Structures are given as structure tokens and as C-alpha cells.
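Since the structure comes first, as C-alpha cells, the remarks are kept for the end.
In order of appearance the chains are A, B, C and D, and numbering begins at 1 in each one.
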Amino acid sequence: MKLDGEYLFNGPREEVWKLVRDPDVLATALPGTQSLNKISDTEFEGVMHLKIGPMAGDFTGKLVVSAEVPPESCTLTVDGKGAAGFAKGVGHVQLIEQADGKTLIKYTGDFQVGGKLASTGQRMIDTVSKSMVRQGLEALDKALQARVAAQAENRPVEYKPPTETEFAGAVAKDVAGGVLSIAEVRMVLYIVPVVAVLILLALILSRCGG
Amino acid sequence: MTNQFPITVTVNGVRYERTVEPRLLLVDFIRHELSLTGTHVGCEHGVCGTCTVLFDGQPVRSCLMFAVQANGHEIRTVEGLGTMDKLHPLQEAFRETHALQCGFCTPGFLMTLVPFLEENPKLSEGEIRQALAGNLCRCTGYQHIIDAVKLASDKMGVKP
Amino acid sequence: MKPAPFDYYAPTSVEQALDHVAQLGYDAKILAGGQSLIPTMNFRLAQPSALIDLNNIPELFYIRPSDDGGLLIGAMTRQSTLERDPLIAERAPLVRAAMPYIAHPQIRTRGTFGGSIAHADPSAELPAVTVALGARYRVRNKAGERWIAAEEFFVSLFTTLLQPDELLVEIALPPMPPRSGWSFQEVARQSGAYGLVGVAARVTLDDTPSGRRCRQARVAFLSAGERPMLAQHAAKTLIGQAPTAEAIRAAAEAAAKDDVDPSSDIHASADYRRHLVKVLAARALTEAFQRANI
Amino acid sequence: MTAQYVGQRITRNEDPRLLTGQALFVDDVDLPGMLHAAFLRSDYAHARIKSIDATAARSRPGVVAVYTAEDMGAFWKPGPLLVPAPHSIKDLVFNQRTQIPMARAGDKVRHVGEPMAVVIAESRYIAEDALADIVVDLEPLDAVVDLFRALEPDAPLIHDELGTNLASYVLQEKGNYEQARAQADVVISRRIVIDRGVAAALENRGYVVQWNAREQELTMWATTQAPIALRNLVSATLGISENQMRVIAPFVGGGFGPKIMLCQPEEVLLGWATMKLNRPIKYIEDRRENFLATTMERGQIHDVEIALTRDGQILGLKDVFIHDTGAYNPYALTVPLNTQTHTMGPYEIPNFHTEFKVVFTNKMIVTPVRGAGRPQGVFVMERMMDLAAQELGMNPVEIRRKNMIPADAFPHEQGIIGQDFAQLIYDSGDYPATLEKARQMIGYDQFVKEEQPRFRAEGKHVGIGVACFTEGTAVGPYEGARVTVESSGKVSLVTGVGTQGQGHFTSFAQIVADQLGVDVRDVRVVTGDTAQFHWGTGTFASRGATVAGNAVNAAAASVRAKILKHASKALGAPEKELEIVNGQVRVADIPEKSISLSELALRANPMRGSVEPGTEPGLESTQYFGPQYGATAAGTVAMIVEVDTDTLLVEVKRFVIAHDCGTVLNPLIVDGQVHGGVSMGIGQSFYEQLVYDENGQLLNASFADYLLPRSTDMPHIEIGHLCTPSPLNPMGSKGVGEAGAIPTPACFVQAVENALADYKLEILETPLSPNRLFELVQAANP
């Protein structure tokens, strides 16, 4: 399964990069994360409980960051296994500085899904991926702005990992053009392109054809 | 908590009291707890109609309900229609028109059709095909089943 | 294909149900009709630790006329009841029209109005129908209740604004304004199969001396995005226009171009779905305007 | 003998049991202390197993045992070859690789759904819980899915030691195609693709096994089409003697081919496990497993070329195709050979070059499914006929009629080796008659001249198609039957074939009832129990009614002879003056002079003292029948379809089939067989297609995504019966079971093309779908 696209962030590339490579961000970025161990600067392993609609399940995921060219690009290899099946994927993220202090992110991914997910989840996989990446990237943009704002006032940004519902809900309201809610402020730090890809995988991993 | 629930279910007019685990599917309860094996299992995801039974008089997929949900309700299965020596008019019609081959899906068709025929005495072929659309048959191509429904509606006549 | 173990709760009142929901939170699932949830559990793609079964709560089963001439419908009202109910046929013909497209009779015997809404499957009929009708949902938690408009309720695939401590208890359908028409159209590969694309439309004409023009057009698509897609661009092109074939074609094209975001799966490519959106939008608007004109 | 029953529309003896839910299916078997099995199956299409750790699963409460390949020790062995390769074909290549019970550590899984472990527990629910406890460490490998990719030098190897993914190669030639081509006015070549589907019997596979330690006997209730063969092969695998094992195929919920597959992992493992645990075990496959782990069919790509004269005479045909056998090939060449031998169909083709390669892929094993290779051959041939008709501006009916084997040319040698490994010979038939009948039934000329133009004028896209086919049926080797008149006067009939809805309980009873002058309801038929009949092959290739039916006929005839012999003595009248009516043997002219069958049955079982030397007791006979070669049935289908060019949905408005299966035993049952075949054909035209991704994952393993035709998808089928009796068996019958499935996709595609004539489509594949039609229309009309 292919996944390509780009998105324009309202913030400087260095800030975006920090987000991408901030392990704390990663550690709290995955909804339902039960454990996330940093094996090395570029390797993470975790157990997650993932849920969308009626579908839910635990799975172990592994993320490897490679071919880093700070602050321009990196390659992400993701590998997840669960009772519902497995998913493997490679995603390439590229950050391109724009004239107006904005940053264009280009991402390309290639994923394979197996087990029950593949054999009964067809009807939704494409929708899920699109939806998650869109939500992830839109949230990231806000995360970025909030981070910039927080630094300006040099205060730490508080957050606690929100629930899937809060996450989705917040994004939705944002899409509907609403003002930032508590849930969104909590979210502020917590979506990055890596995460968009991981959540995408995670959710695919917990998908089915209900 | 002990994950067992006492239930009372009336099947084909007989009252059964059993204790079940909540996850026990209604069709497994009917087949294996009550030994009424005329109701068959075809897909366990609610698409084939083989496990259709009447729940409070209406057709349901018994693979998409839990036995515990049947507590206090009335169920009718194929065993509640005619007997081998005295077939229900619909069963007779199935036999006379050769509306069954392997016969595995047949009880599901019968239970779908019984309330349908009772509600709709006179039917067009289109209506019949629609009424059967929730039951899969791999042997007959449905043609003789449709003949059977027409014949049965004559046999059963107009409802009082 | 047997479900994993779970704890089972069968509240007999909404109050009790809300207590369970509040206690059990995330890992519990609400069991309404169960016609989507139970197959998922049989495949073991869903393994909720607990089920809260709403089937024993009489106060959730009803269809009532509302004072404004619309309808109030209890969340547990069966689809088979909607299909047969004279009030529905009279006051919400669009709901009635969509019923035969929902799976098969045996499924509609159990499937519920509220369950279909809360499940938020973008290929389901009732979410799109309620969006087209401008329905509102009454949602309760222990603290109280709130109303959510159908068009804001659906977030994405299987995701709604319902919070984990909340329960959808009622659907309110507004009355059909005078000179309104409706239509439901769906293309599925076979009877009862998931709609490749479907559309629910409700249009209202005004009565100006210059002849009847479109005052309002609410067109919602299923299987055309990650949620029921309300066609705003299509509506814009119609408002104030006479419902000519011309105007309808323009609206259908606008819908296909700007109002949907279809996905590809093994049954239909995004392109094919977009094409169907155009075809069905035109068919639905044509029929709806005809009905409005009578 | 009077034909009171044979040929009549007799309602079925088995129906009351089936209609009242009293018929026993395998899942209805319930034994004291019965355990339940669930299989851990591979999520990967291709992977090397490093280790399997079942410790946690074994310790789960309610789990009795968990077995992996390692536990099987010496019992672990690949399955037997079920059909030999036809070595009568010269230069044939055949690399045998049969399925294994479970992959051992270090070995590989080769398709999604291949078993890796089995859990045996107190309930199926617990067994499935325990599957999640098993930890498998494996190394995923690249999968081979594409048929051409399989043969590329750098393709991953499915059976490493083989050094290639080529399973077989076969070339057969009749005449000299190249010469024919040189003389042709028109040569047309195309690539044609036929995709995979499943049989989807509504009853999934299932087994109940019980080892009786005291008797040292193994009983297996199985959803099988071939109980005797299953008994023979599994007992051999388990190292017990055949008479220690009893296979019972009770009522079976549809077969359609895959239930002929034998020595499947589940069968061997369950038999082995019940002997080990000394407790009965039930395993019922679920629907998802049925998609992943029950054999399936179709899946060929043909590069075909036809050479004709300007006036539409076929000079030659060249067909080079590649056939997908999946991960293993226990059925050898049965399917592609059938394709090869049905490509020429009813046509006279002087020069025929047919060549195929069979490839291993990382998909489920391919074995026959209703049609068994025939639909592929017919689809290819009929497509080429249509293209030729277009090219030459001929009417599709005309070009077919012109090339048909005439009715006076039988028996007709086809010049290639057939599915029973001997020269393929068409025994009898009248092909032009079936074409003519179908043409008249559908009103072909009138439709084309009057109706179609009218529809076009209304902007409707309505099209017509006609397709002809032959069906090789009733192949050997043999079947047997035992007929006994009991002292009650009732008759018992036992045969070795299994039955899955074909009405054998009735059609066989009709034969016996006519021979013995008894009521058809008084003939009790037993099939599918190896304890009751020892010899036989199975129900497949549309052979049951003909091969077993003729054995039944022979046994009944020999019992009739015994009856007359005893009666003549008892009544003091010559045999030729006797007749059997309503269970009484009487002298034709003096009806009151009679004796009942029950009385004769008693006398035929002599008491002490009254035994004459050489007396064979009982009014009983066991006879066998094996045809010299298979009888060839034939027919023509025609259909009218309407295509909605906005939605690309297709409605079949009319469907007719003119069919010739020789002598018909029971028209009611034959009609049912035809209807069922057609519905599978409609499915494989527009609904049923297995979709694999490039990693060998099956993407539609449920009835929600794999669509079987429903009542609303099926047309009313009009059947025209023709009858040219087969000279190959005394009853003159031929098979009919697969007829409807064979020509239907070819006819459907032709009709759709015809409906969309103004779009200039050329459809070279099946199955279609609305989405695929949309793509084709877009491509043809950018």
C-alpha cells in the first residue's frame, strides 16, 4: 500500500525537525502507548493498545529512524505485530524550507499489511490511512505553532497524552474552524509526521471490515 | 465475577433454563446446548443467512446475537415447523418443487420465509427475490426456491 | 470465529447504563443491535473487556411526533420498526426510503437507529440520511445532556464527538418544510452489500412569482469520504436557481468535484466513486425536485 | 422391466429429513467427552519458521494439548499424490510437491492459512483463545504471486530444493498449426486472463474423529466427496489398516470440488491426535479459514491465436497458457489438462497446438472446482470465436454453426490425450442441435433485428450472447453398488460414492425401483459410509449418477434375475412369463398366481437341510461399473443483458440453456443441477473474484467482500433438454453437474460487449465487476 503526500507547516524547518526527532514527543505521541523503550537514538520499541470504533487490540511496534540528514530528511522503518495481524512499512520524510518561513513536508510511504487486517479490513484501509495522515499533519501544524509560542514566552508546554476520541474530536473541531479547546492544548506537542505514520500503521493494525 | 449468567429461553414452545457464558453465540447455544441442530452455521459474520431463526417472531441471524440476550425471549427454529410425517405447507412446497439440494441452507430459508408468507399472502416474483436476498444458496440458483414460495403462498392461502 | 471473553452488563434504565459507561470507560463497548459489533468480535478484531447491552432499556424504544411537526426517535428503535412505522413513512419518507438498502431483513430486525449513528461507518445509510435531514442527536452523560447536529457529529471513520462517558439516546428529525422533496439513491454490487456510493437528498423550493426556485438543498453522500459528506458546493450552485436539468447537472458536477473525498478499495476505485457521486447526485436531485414540485 | 420411475420428476426421498432439521451433518455429531480443535494458521504467504513456543497456550485452563510438527515425529509426512501425471503424454514435465501437515521449525510456510499448530481444548472458544498464546518466530520471505513472475530467474523459490517454480510442462499437438497458419486468411491473437474464485459450499469443511482404544478403531465423520479414498489414504498415513478405519460422510452441505481434496493437514492431524489423546475431537472450519485454507480454482493466463479462412472456417488454434497451482500440486495436472481438452469444445479444429506451464505460487492449493478447468478452455475458445466473427463481419451464431462437429461424426477422435489419459474421444452428441435450440429459445434473430434496435433508440444498452461448450463427464475408474431385497420386501441399496445434494438417494432408488418393481420410497439408499461399502472412487467430474448409477443398475438387474429364477421355481412358470409389480412377482396372464418379494427373500436365505450345492444366499448382488472412457455432454447457452452505462451495473434479463446429457434419470434433479451450475457461472462472471495483494495476502476473505450471487442477482433460467444417449453405458446417461458453470462467463462477456457495442470494448478477462467495466469503458473512450 502506497502513501504519498505533502503538507505546508506554518513554522521554520528547524522547529519541525526538533519535533520529528524529539524522543519525548515520540514517547507520548502514540495514543494508547503502554510502554515505549528507547533502544538507541534511532530505535524505539513499544507496546500499544490501539482502538478505532469497535476495533481494538494490543500490538508491539518497532520504529527505526535512518538516513538522517538533519534538518532535511529521514527514513522511518516501522514494524508492528498483533493478534489481528501485522504491518510493515518504510516512510521517507523530507522537510523543505519555504521562502516565507514556512516548511513543506513531503512524505512517501510503502506499507504492507497482513493477517486478519488484510483479509477482512479492505473496505476501510485506504480511508483510515488518508484520515489519519490528514489529522496527524493538521494537528502537527498546531503543535508546531504552540511550541513556537511556548518558547517565545519561554514556558514549558504542558500536555498529557489525550485519548483517541479527544484527538479525533479536537482535529474535527479544528477542521470545523472552532477555537482551541483544552483537548487541543494537550495535544499540542504530540503529533509529528513520524507519529502520523505510526498512528496510521497502528490504526490499520487495529482495523477490520466490520 | 463469575462470568456465567442464568437464562430462561422458550424455544419452539419449550422452556429451557440454562447457565451461559456471555460470549456464547445464540446459534451455538441452540445447536450445542439445546441439541437443536437443524439450525446451521455458514459464515458467523451475518452475511449468509444459514443460521436464521425467529426471535420473538422475527427472523434474525443467530450468529449475531449472544445467548444471554435471548433471556426471557421466544425462539422458533426449523424443528418448530412441520414433522417428517406432517410437513409444514412451506416444507411441502420446497419438496414438491425441488427447492433444496444439499439442504444445508434450507432451514435458514424456511425461517426467513415463514413470517414473510404470513405477512404477505400474495407476492410478485420481484418481492420474493427481495425477501430471499438475505439468504445464500449455492446449489439451486434460487429458481426452485422461488417456485416453492409461490406454491406455498397458494397452499397457505390468505391469512385470517 | 468465536468471540473472546467479556463481562456483560444489561442495564434496564438509561441511568444504570450511564453508571456502567462512566465506570467502565474505554474498553467497554455499547451493545445496541450488534450487527456490526458482533461480527467484528467473531473475527476477534474487537475484544472489548465488557459489553453494556442496551436492549433491555424500554425507554430507548419509541417513535414520537414532536411539537414542531418532526419526529423524536429513541436510539434503540429497530430498523425493521422504522421500515414499517406509518409515522416514519409520513413524516420521514427519506428514512423509510433508505431502509431496504440496509443489509438484509434479518439484520434490520436487530439493527437500531442509534447504533448505526454511533458506529459512524461512512458507508452506512442512516448517518447520511440524518445529515441530509438536518437531524440532531440527544447525547447524555451522568452530568446532563447535550444536542449535537448530525453534520458536526461525525469526525472520521468510526469516530464521532461522543465522549467515552456519553450515550446517544435520541434522534430528532425536523419536519419537512412545505414544497420539499426527497430522494435516496444507492449503487451496491448486490442487494445488501456495502454501498459503493449512496446519496440522500432533501430539497425545498420557495414560491416566488417568478416561479419556483431552490431555497434549500441538503445532499449527503455515503461511501464518498471518511464520514457522511454533506455537499455544500453543490447546494451553493442550486440555491436561488430554478431546478432545471441544467442546474442539476451543474450541482452534480460540483458535488463530485468539491464535496467528496472518496477512497479506493477492492470494490471501487476513487475515480469510479467520484463518477457515481455525479450520477447519483443528478438522479437524486431530479427525483427530489419532482417530488417538491407536486 | 417397466420404466415407471426413471425419467420421471420424482420428489426426493431425502427431503423430509433435510426440511425438518433431522438430517445429520458433521457439525451435528456430538460425542461424550468430545474435545474441540482450532488451528494456528500463517499470516504470511511465505516465511521461514524459526521456532514455535506453545508453552503459554498449553498452560491455559481448558486446553488439553497443543501440537506442532515436531510432536508428530515419524507421522509427519507430505500428503500422497492424489492423481498421477499422465505419462502417456510425451516429454511431460512434472515436479511433485504435495501439502505437508504443518511446517517444521526451519521449514517454510508457503501460503497464508497454512497450519503451524493445532490447539485441542474443552471448547472451540477456549481453543481459539489459546491460539493467541502461541508465539511464532519466523522470517518473512518475498512472496510469489504473479504467474509470470514465478518463472523469472530471480524469483523467490517456493520449494527451494526444486530450483524452479515450474511445477509442470505439457505440450500436445494435433495436425500442424504452423502450416495451417501459413494458409490462413485471418490470424487473430490475444492474451486472455481468467482469475481465481472459491467453491464456497455453504457448509465449511468439518471433521469429528473418535479413536476407540478397545476396538482399536478410528471413526471419522467427514465433509468429504470421497469417503473410501479418504479412509484408504488417512489410514495408510496413520499406519493403521483400512479395516481399522471407518469414514462416514453423512449429509454434506455442498461439495463443488474442494471436498474431494484428500489427506489435508486437518484430516491427518485430527486422526493422529484422537489416537494420541484417546478422546473424540471435533473441528469445524470457519468461513475465514475456508477462504484461506480450502482448495480453490481458476487462475490461468492464455496467449491464444486462431487461424481462419475468409469465410470463417477455422484452420487452426494455438493456445499457450500458464496455470497457477498454488503452493503445492497434489492434484497433478487434472485442471490444466481439462482446460486443454475442452478448448476445442464442439468445434472441428484440424490443427491444434496446446501447451501449458504450471507454476507454484504463494497461494492456496488449486484443485478442481465445479467446472474444473473447462470454463477456462471454453472462455478462451468462445472469445476467439467472437473476435473472429467481428473481424470477418459474421454473425456469432453463424460462425459457430459453420465450425461445429456434425451430428454424424461420432464417435469423434479429438487427436489429443484426454483427462483419463487415453485418446480423447467424443462418444456422441448433436452440437448443432443444441445451438439451434438455444437460438430459437432466446429468439436470437428477432432480438438482433427488431428488439435491439428499439432498445438502442430508447438509449438502452441491451446485448445478447451465445456460447457453446462440451463437458467431459462420467470418467472412470469405477463405482460399485450392492442391492439387497430384505425379508421385509423392502430394498436396500449401498454404494461407495458420497453425496452432497445431487439427489442420489432418489435417482438411484428410481433405477432400483424400476428393475425390481417396488415403490421408489421402499428403496433405502446408503451412501458414503465405508463400513457399508468397501470399494469406490468418489463424487466428482459429474460422474456420480452415471458411473455409480450404472453400477446400481447392473446390481439391480442381477438381483432381478435371481428373483425371477426363484419365482419361476416357486410359481412353476417360466421366467419369461413373469413380471414384478408392486413387490409381487406374478405370471403375466394369471395375476392371481403370484408370490411376494419378501417371501422370495426368505426362501433365498435357505434353512438347514434345504441347501442345494452352489446356492448363493439372498436376493442380493454387488456389481461394478467402469466406463471405457468418459461420456461427453454438450450444450449452448444464450443470454440477454442490460448494462446501465451510468452505474456500470449489469442485469441479466434472460438466460437460456439447451443441454444434452443423454438419458435423464430425473428431470427435476437435472434442472436443479443446471440451475446451480449457472448460478456459479454468473458468480464467476460478475461477482466472485479473489483479490490478492503483491505479498500474497488475500484481501477479501469474507462473504462481506467476496460476493456470491443472491436471489436478486439471478435470472430466471429457461432449460431446453436434448437427448443423445451415450453408447458408453447401458443407461445412456452423461453427467450434468458442471454444465451451467462452464459456458456462462464466456456468454456473459459476449453479451456485455454486445450491449456496449458503441463503446467498442474488447473484454479479454473474467470475472468482471462494475468497477472493472468502468475502467474498461474509460480506457476505450478517453
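As a convention for this text, contacts are C-beta pairs under 8 Å (C-beta built on N, C-alpha and C of every residue); 3 or more make two chains touch, one makes a residue touch a chain.
Please read these numbers as outputs of a predicted model, since none were measured by experiment.
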Chains in simultaneous contact with chain A and chain B: C, D
Interface with more contacting C-beta pairs, comparing A-D to B-D: B-D
Chain centre separation in whole Å, for chain D relative to chain A (CA means): 51
Where chain A and chain C are represented by their mean Cα positions, the distance between them in whole Å: 30
Where chain D touches two or more other chains at once, by residue number: 125, 132, 286-288, 691, 699-700, 702, 704-705, 709-710, 712
Set of chain B residues in contact with two or more other chains: 21, 23, 44-45, 130, 133
Where chain A touches two or more other chains, by residue: 83, 116, 120, 122-123
Those chain pairs that satisfy the touch definition: A-C, A-D, B-C, B-D, C-D
Chain C partner contacts - residues on chain A that touch it in the complex: 51-57, 83-84, 116-117, 120-128, 130-131, 135, 163-165, 168-169, 171-172, 176, 206-208, 210
Sites on chain C touched by chain B in the complex: 1-8, 10, 34-35, 38-39, 42-43, 51, 53, 55, 80, 100, 103-107, 109-110, 190-192
Sites on chain D touched by chain A in the complex: 43-45, 112, 132, 140, 288, 291-292, 691, 693, 695, 697-702, 704-705
Contacting residues of chain D [partner chain B, same complex]: 11-12, 14-23, 25, 27-28, 30, 125, 200-204, 251-256, 284, 286-287, 500-503, 668-669, 671-673, 675-680, 702-704, 708-712, 714, 716-717, 740
Chain C-touching residues of chain B, taken from the complex the two chains share: 1, 3, 5, 21-23, 25, 28, 44-46, 49, 52, 55, 58-61, 63-66, 68-69, 112, 116, 130-131, 133-134
